[in-house]
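Shared between the two complexes below is chain A, which has chain B as its partner in the first and chain C in the second.
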Partner chain A sequence: MSAAAPEPKANMGQPVPRYDAREKVTGVARYASDQQVSQPAFAFLVTSAIARGDITSIDERGAREVPGVLDIFTHRNTDDLTQTKYGQQGGGASTSIQGLGPEIRHDGQIVAMVVADTFENAREAAYRLKIGYSEATPSASFESAGTEMKDANGIMSVATQAKEWLSTGDVEDALSKAAVTVDAEYSTPTQHHNPIELFTTTCSWQGDKLTIYEPSQFVFGLKNAVAERIDVAPDNIHVVSPYVGGAFGSKAQMTPRTGLVAYAARKVGRPVKLVATRDQGYTISTYRAETRHHVRLGSDRDGRLVAYSHEGFEITSRPDSYSVKGTEETAHLYSFGAVATKVNVVHADRNTPGFMRSPPVVPYVYALESALDELAVKLRMDPVELRRKNDGMKDSFGKEWSSRSLMTCYDQAAEAFGWSKRNPEPGSMRDGEWLVGWGCATAVYPTHNAASAARVSLRSTGEALVQIAVHDIGTGAYTVIGQLVASELGVPVEKVRVELGDTLLPAGPVAGGSVTTAAAGSAVLKACAQIRTRLIGGASSGDGAPLAGVPDGQIRLREGRAVAQDGRSEELAKLFERLGQNQIEEYAEFVPAGASSNAMERLYQGKPTFVGGSNGEKLMYSLGAEFVEVRVNQRTREVRCPRAIGAFAAGRILNTRTTHSQLMGGMIWGIASALHEKTELDEKRARYVNDNIAEYLIPVNADIRDIDIILVPEIDNEVNPVGVKGLGELANVGTAAAVANAVYHATGIRIRDLPVRIEALLA
Partner chain B sequence: MGFSMSQSEKPGGLNRRSFLTATAMGATLPVIQQARAQQAESAPADPRAPVDVKLRINGRDQSLRLDARTTLLDTLREHVGLTGSKKGCDQGQCGACTVLVDGTRVLSCLTLAVMAQGSEITTIEGLASSDGALHPMQQAFIDHDAFQCGYCTPGQIMSAVACVNEGHAGTNDDIREYMSGNLCRCAAYPNIVAAINQAKNEMRKA
Partner chain C sequence: MRPFLYERADQPEAAVIAARIQGQQQAPPTAAAAQFIAGGTTILDLMKLDVMQPQTLVNVGKLPGTIEMSDQGLRLGASVKMAEAAENEIVKRDFPVIAQALQLAASQQIRNMASLGGNVLQRTRCPYFRDVSYSACNKRNPGSGCSALDGHNRNLAILGTSDKCIASYPGDFAQALIALDAQVETLGPNGGRSLAFADLHKEPGDTPNIETQLQPGELISAFVVPTGAWTRRSLYLKIRDRESYEFALASAAIALDMDGQTVRGSRIALGGVATRPWRAREAEETINGQTLNDETARGAAEAAFRGAKVYSHNAFKVELGRRTLARALLDAGRMEI
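Moving on, here comes the complex of A and B:
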């Protein structure tokens, strides 16, 4: 055991190394752009130089002079591409802005694609393409004239199906009577996923059959959306995506490039490969939109909350109403008393935002957890004790939690952190020229579930194969699915082969909403149970069966044998031989309670269904407590984060190693969202300025020091058959508030606009 | 060995030094003219005409005809079929394309293939021994779960090997600093530091 592979506690599985580890450290793993196709042509995108207006001219002459140019695709020769439906809920397209013009709806919109025999020629020709525009003044963001604000009520968001804003009691009355109140505004910036793998697509036609190699978090979604876009039968499309080089939500939907590449490959009559540039990635896919928040909290003198009001504002594109509506999650987090929530979307001349790791909770929990810290300061109360005071198994709406280990997380993390040594006075803790600040906040993420199918087979040799079109985007899905099969069928994990990320496999849900293990795992359990039934039925009957007559319920599959309670057993190979088979294969479909009866059919059509979170009979959430230390240099105001500790409870843990990595990576994401990440916007041109990964600050190794993860045992048998709550999107929630709260503790300066920058601390 | 390759063996008489000198003088043209001259004495220089490039990659010689603008990264990925080196930015910001050139870590996206002639190029595919035994750094990355999606990993591992060989893996702070040219969006950083600490001892023993 090591820090990376913690000792399992109760209800936790072994930290077996990643299934795909060897492929990944030897360079053998074939990501989409690594797939070898014969004689590919290369595509290069041209994106718009303005944010709003029209294309007035296209001069292709210079571009066509470049030898090797096969074709140039613009709005003039692509109008038979179908406008597909925008899929705010995950299926379908990431935006309704799909055409290549002539109307320009945002900066960096794809306006042309050049296809040539080599990458070098395609790139040169793309630079030579001359596009003329008539430009109108764009509206960039909240501050700009010409935006349009709408109440987001009734607009479905993926995580929440609320039609009405959550409210209970009379918030205004409760606030007016509250002994202590906080009334504050917060903001979070534009952020881009920036997975290290670029947005690539390779399309190859064999007759009327299309193969798409693209990193995807939802191969069935992509297959069906592309089918609609290029008007072919979905059955003729095969999406291959066994490895994804980071995604974080950016590869969950069909973006405009895919249909275009498929279309081009058909036109030029050979495979076409596109590797979009890093800067193009900022506008041809989605992002986390900037948000604003008005939060009001009221409590009595002892810190018991009596009112919570939260109004959010989110930027979106002109035509699409993407919004994350995190109040649907925050409103359940504590026993608030009266609650009032509302979210508005603000339409601007921007590309359509989309899912980015923990979409609803990251901005909204930041605002709430910051406001709680402000309340604790006003109450002169320890922020942990304030959370304890308002912790409870029922929310303000009378709904119960399936399980809630929040305060256990707080207590274990506080203990490990040394929180009891904290002097609450701002600026009171120093180390030489460094002001030391300690802060904490809650992490929370809804436990979703979704429909999934799975196929499992077991051979007489004890080798097993499991196939599901879910996706390992770095999460460890290959590994934990293999572990589940191994333990269900009683075979060693090394003997389980796992195939994921391919539309030839049984359908699985989008790798979103931290749903993969719950959904795929439930389907795997079902398929394994079917195999066990057949095997065990055979073991207990038939001539010469060593276990003849043993009731089926008393036979288990263990270590490659069927074993009765009394210790008698039969080897798998013998059992198969007696059954006259050398393998048993079972296909299973799992549809969670609360999902529509046609959820499986819809899944095969590329439409995801989500249940869980706050939508079921009980509240189902993963929870955690995060503590961070910041050091602010007294003179330069440089902010460092030398250590962070998080304790998390997320039901059953299948593998402590992959879990640890997910949570550790998540906390680093959280630190980054507090201290580093912001896509800067040119307000005048509605254009992203730092659209590269040197100027868009993602943490480098030297930014990160000690990150400690504590896994808190928790058992919850209500969430789903596997008992897992989902944790890929848990640990980056709340961290930004913990950091900002620590900065306040260090300096006495309350930062309400992320990221925390030196200039704000110089005041 | 690339080290022992004599000047005369270098295709087109082109080596890194003369190429760099040429560019330093603000003229890349002579290079291309040289290459071009091999094919047609009198025709006007066509800057896009393919050039013959000889590379030694993972101990094997490769003869290629390439557009002179082809980067070492695209050469590996698109022309040699070695896709272990990754393109994460194509502009020297992420480190996913890191390979070793004569033992030194180099960003292959910022290196033209023609510049790498006469050198020994090692990619992630050339790190494990031919019998399949992993390099200690590869094993350490597995042991410490020093990756998630794995996309930055080939670059991290090549960089880590060089970091140790450079003598920059003495302390955790050194490792963090000298590994900061390799971005990991999955944020496996603490595990990468742990992996390098494990591997550096084994590399010393070896």
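Moving on, here comes the complex of A and C:
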């Protein structure tokens, strides 16, 4: 089997090709802005040129002279748009900054929208709109005067219900007595999702009914939030989002643009289509906030950890407290001994940050895994052995893991990498004029679950249809849901039709928290079981039934037949005929243990519920081990990463091909977060500078050479009915630490501020 | 969309006439009402960003242009595509620094579109120049100030700057041309002329909006690169954050004439660090006549950056520039030719 489609091992499904592959590569798949609406008008946004202050004047004359302009929306004529509450716990709005002025709260705030008969005319008029400002000095980030720091405790977030910071034992005492300690500060930069598909919205009214075409990771969230914003009944709103061209968290909540486009479409009396520009995407949606970390570790001489203290600092906007609070995850990762954690938010004049692939763990695991490497160096201990020493089925709080295959991952990846050939001395490994460094780190992601509904139907022809408003944001959701139905109903996967991403379908959770397969899968299992019960009940009874009398428990659906243990069987078509039915359809709702009993009702209202991770009785996480090789030119010091290997364990793997892609893509992103990605901020003006994908660096083909993914078999029947742990947000975690650790190994220089850049290595 | 006239010229003379009829002769060429367009990979971006607003575009991308060897050396037509020159066997063998400077620039797709003439006239990537929402940019809007001085300037210049503008010249190919003492042939409203490539671009001084010595409507028709003992022992080293598809943080174009281990003559240009294509004469003088080794290479590198002036985010470019130059010199010395 090809590298892109690894051979399944135990507890792994077939590498079925993507359900939507052909449609996507042939251009048949219609993304939101490709949807045909009748006689659309085109919108172009105008965003603020300052980060803080007020609009003092708006001169529309030049803009109005442009032929084809239908209307111009500013704060002067949009004040009947309802201010929607910031969706702190997911769902709802991505920010509370929704007005078009006159107050400006961040760089690139939407201040106007021009609607015209063509895109070009709308853009031209937007360029001619003259906006005057009175400017106040903004606070850009940690270093700026005028920011406000607050303890992030009490800030509820989607996956964390903690009321108090995790702590156990006396960290100060343990640190003071520890034989070896590390005390270090780390930082991570602002990063933007930059999905290739831009932020687009098309709104079309039919009477008092509104259809919204928008790439969304949560159609029910969007529907309900827009309803509130433009003050219409949610039932009158239909969101259509079958394909999403990348999202990574940026399309999880309603951004200010959607209500505005709906509002404009109603005003101008025809459908309105908006495709925001790449640079506008940096400020009209969310981003990964820059973070700082103070980490202290203590261990005994043998490397057994006795203390872990981690204080985090995260940038957020003035009015909203977005916080990822990653210590809630890292505190469980090893047997640490005493633990003390705390997170602070720092309010600055910025747009509100938000979810970005693996929000809590990416920055916090980077800091922890870097500190562990520093400890290993001090202990003169192999970093893999340090992790082994502190591996265990119980965390420092006494909670048990449902399953934990971390060291199996380390051992398999280390073996494949050739780790035993590593000379631990920094700077000791060379290849010509290149310094070679090897590093490793742990990847981890909490296994969440959420409520979901599903509708499945099976026809006498053996064709099945499954419908759920979950979202395939490139993850493979279409494919694995189709596979599940096929195996549960015993029909070929080609005969299963999958419909996702539409509010006319049964509600599904947000495509976040790597929850889609667990939640939607569990609902699908339930619906399929209901179908099976009805069918098998029919197969074992009635006149002329070939399986008459066979106990229901001994009948399976397989290869288009109902099959008894003794080999007797009946064709589906016959069975349906005997039942006098053409089709059986079942709707099911799945609410995971630990979720509130009204979780389903809340989901239909656009409010997500997450359980799992560290919140349940057991610790549920997927884990992995990543190894990378870096090369640093001994003279000019550019860093390249030619080789990376990751081994991952995430419970049942439904499809080894899509899994492989997810994990490989994750590791590439991890390398990017170590070496490339950073949104540059003009510190004086609090504005993003490199807001385009020529200057916001992500790896190009030449940067990525060998990436090997090892799938480690794991069985965990406690996580959820499907037995999957979720892996969409696993492999990009830890990579940055592995790279920085490798850079240390190559050069002897410890870089604690990401990305690792040439300037830090020239000294 | 801002309406503009579009004309396609089949002959250089026709292009010049079209530009003269439509043009506004007093303005500096970058602000002239009539602009040439070849591949469009610079000018169309700048029009979409509302940085440039020409009233007329004269397409010169289809003008005849070839690559040939003549008595004066290598002759590269201005409308030759970057990809074509980069992949040309003569250029690769006899002028590796040119082939490499082109090959390491942009992406294959852009190189397939972009012309050599357009390439040398590409405009700075200074973020404040390319974003019209910043009111202060002397290059875009003379007299308005410079946002980069107290803004984010990691990618900007440390050589040839002024207190009016520190924008770096982003291109690679120009460094090869200036190192190899190329000539530029042009055709303008007043006829043809030939000037040293080194005289084409200007430092920003008080008028960063004036970037070259060209007259409005003056068309570049070809580059002529003299052959010499040094052209085969030449290379381009480009250092950047990622492996491809990025402008240089620092680069060096080197051509050496060696007598054993001794440098008989050197030609050195620097990219990514200066406001214009940059010939490092001080470095050449330092290394000429010396045995090429770590120490002398480093000496030349020190000399090259003696006049550097650094800003808040780009101080590292001094050391990076020196190391890039030293590495390139040593690599060129080791070349097998």
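Here, the second predicted complex is superposed on the first by the 763 of 763 C-alpha atoms of A that agree within 3 Å, B and C clash if a C-alpha of one lies under 4 Å from a C-alpha of the other, contacts with A are read in each partner's own complex, and residues count from 1 in each chain.
Everything that follows uses one rule, which is that a residue touches a chain if its C-beta (ideal position, glycine included) is under 8 Å from a C-beta of that chain, and two chains touch if they have at least 3 such contacts.
The model shown is predicted, which means the values in this text are computed figures rather than measured ones.
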| item | value |
| --- | --- |
| Touching partner for A:L504 - first (chain B), second (chain C), both, neither | neither |
| Chain B versus chain C as contact partner of A:Q662, first or second or both or neither | first |
| Partner chain in contact with A:K684 - chain B first, chain C second, else both or neither | second |
| Partner chain in contact with A:I693 - chain B first, chain C second, else both or neither | first |
| Chain B or chain C, by number of chain A residues touched | B |
| Contacts of A:R18 with chain B and chain C, given as first, second, both or neither | first |
| Partner chain in contact with A:E638 - chain B first, chain C second, else both or neither | second |
| Which of chain B and chain C A:R30 touches, first, second, both or neither | first |
| Partner chain in contact with A:L198 - chain B first, chain C second, else both or neither | first |
| Chain B versus chain C as contact partner of A:N121, first or second or both or neither | both |
| Contacts on chain A seen with chain B and repeated with chain C across the two complexes | 120-121, 694, 699-702 |
| Residues of chain B defined as touching chain A within the complex | 48, 67, 69-70, 74, 77-78, 81-91, 93-94, 96, 123-125, 127-128, 134, 138-139, 141-154, 157, 175-177, 179-194 |
| Chain A to chain C touching residues, read off their complex | 47, 49, 120-121, 123-124, 127, 279, 633, 635-638, 640, 675-676, 680-685, 689-690, 694-695, 697, 699-703, 757-759, 762 |
| Of chain A, residues touching chain B in the complex | 2-5, 17-18, 20-31, 33-34, 36, 66-67, 118-121, 193-198, 243-248, 275, 277-278, 473-476, 657-658, 660-662, 664-665, 668-669, 672, 692-694, 698-702, 704-707 |
| Complex interface listing, chain C residues touching chain A | 1-2, 50, 125, 127, 131-135, 147, 150-152, 154-155, 239-246, 249-250, 316, 319-320, 323-324, 326-327 |
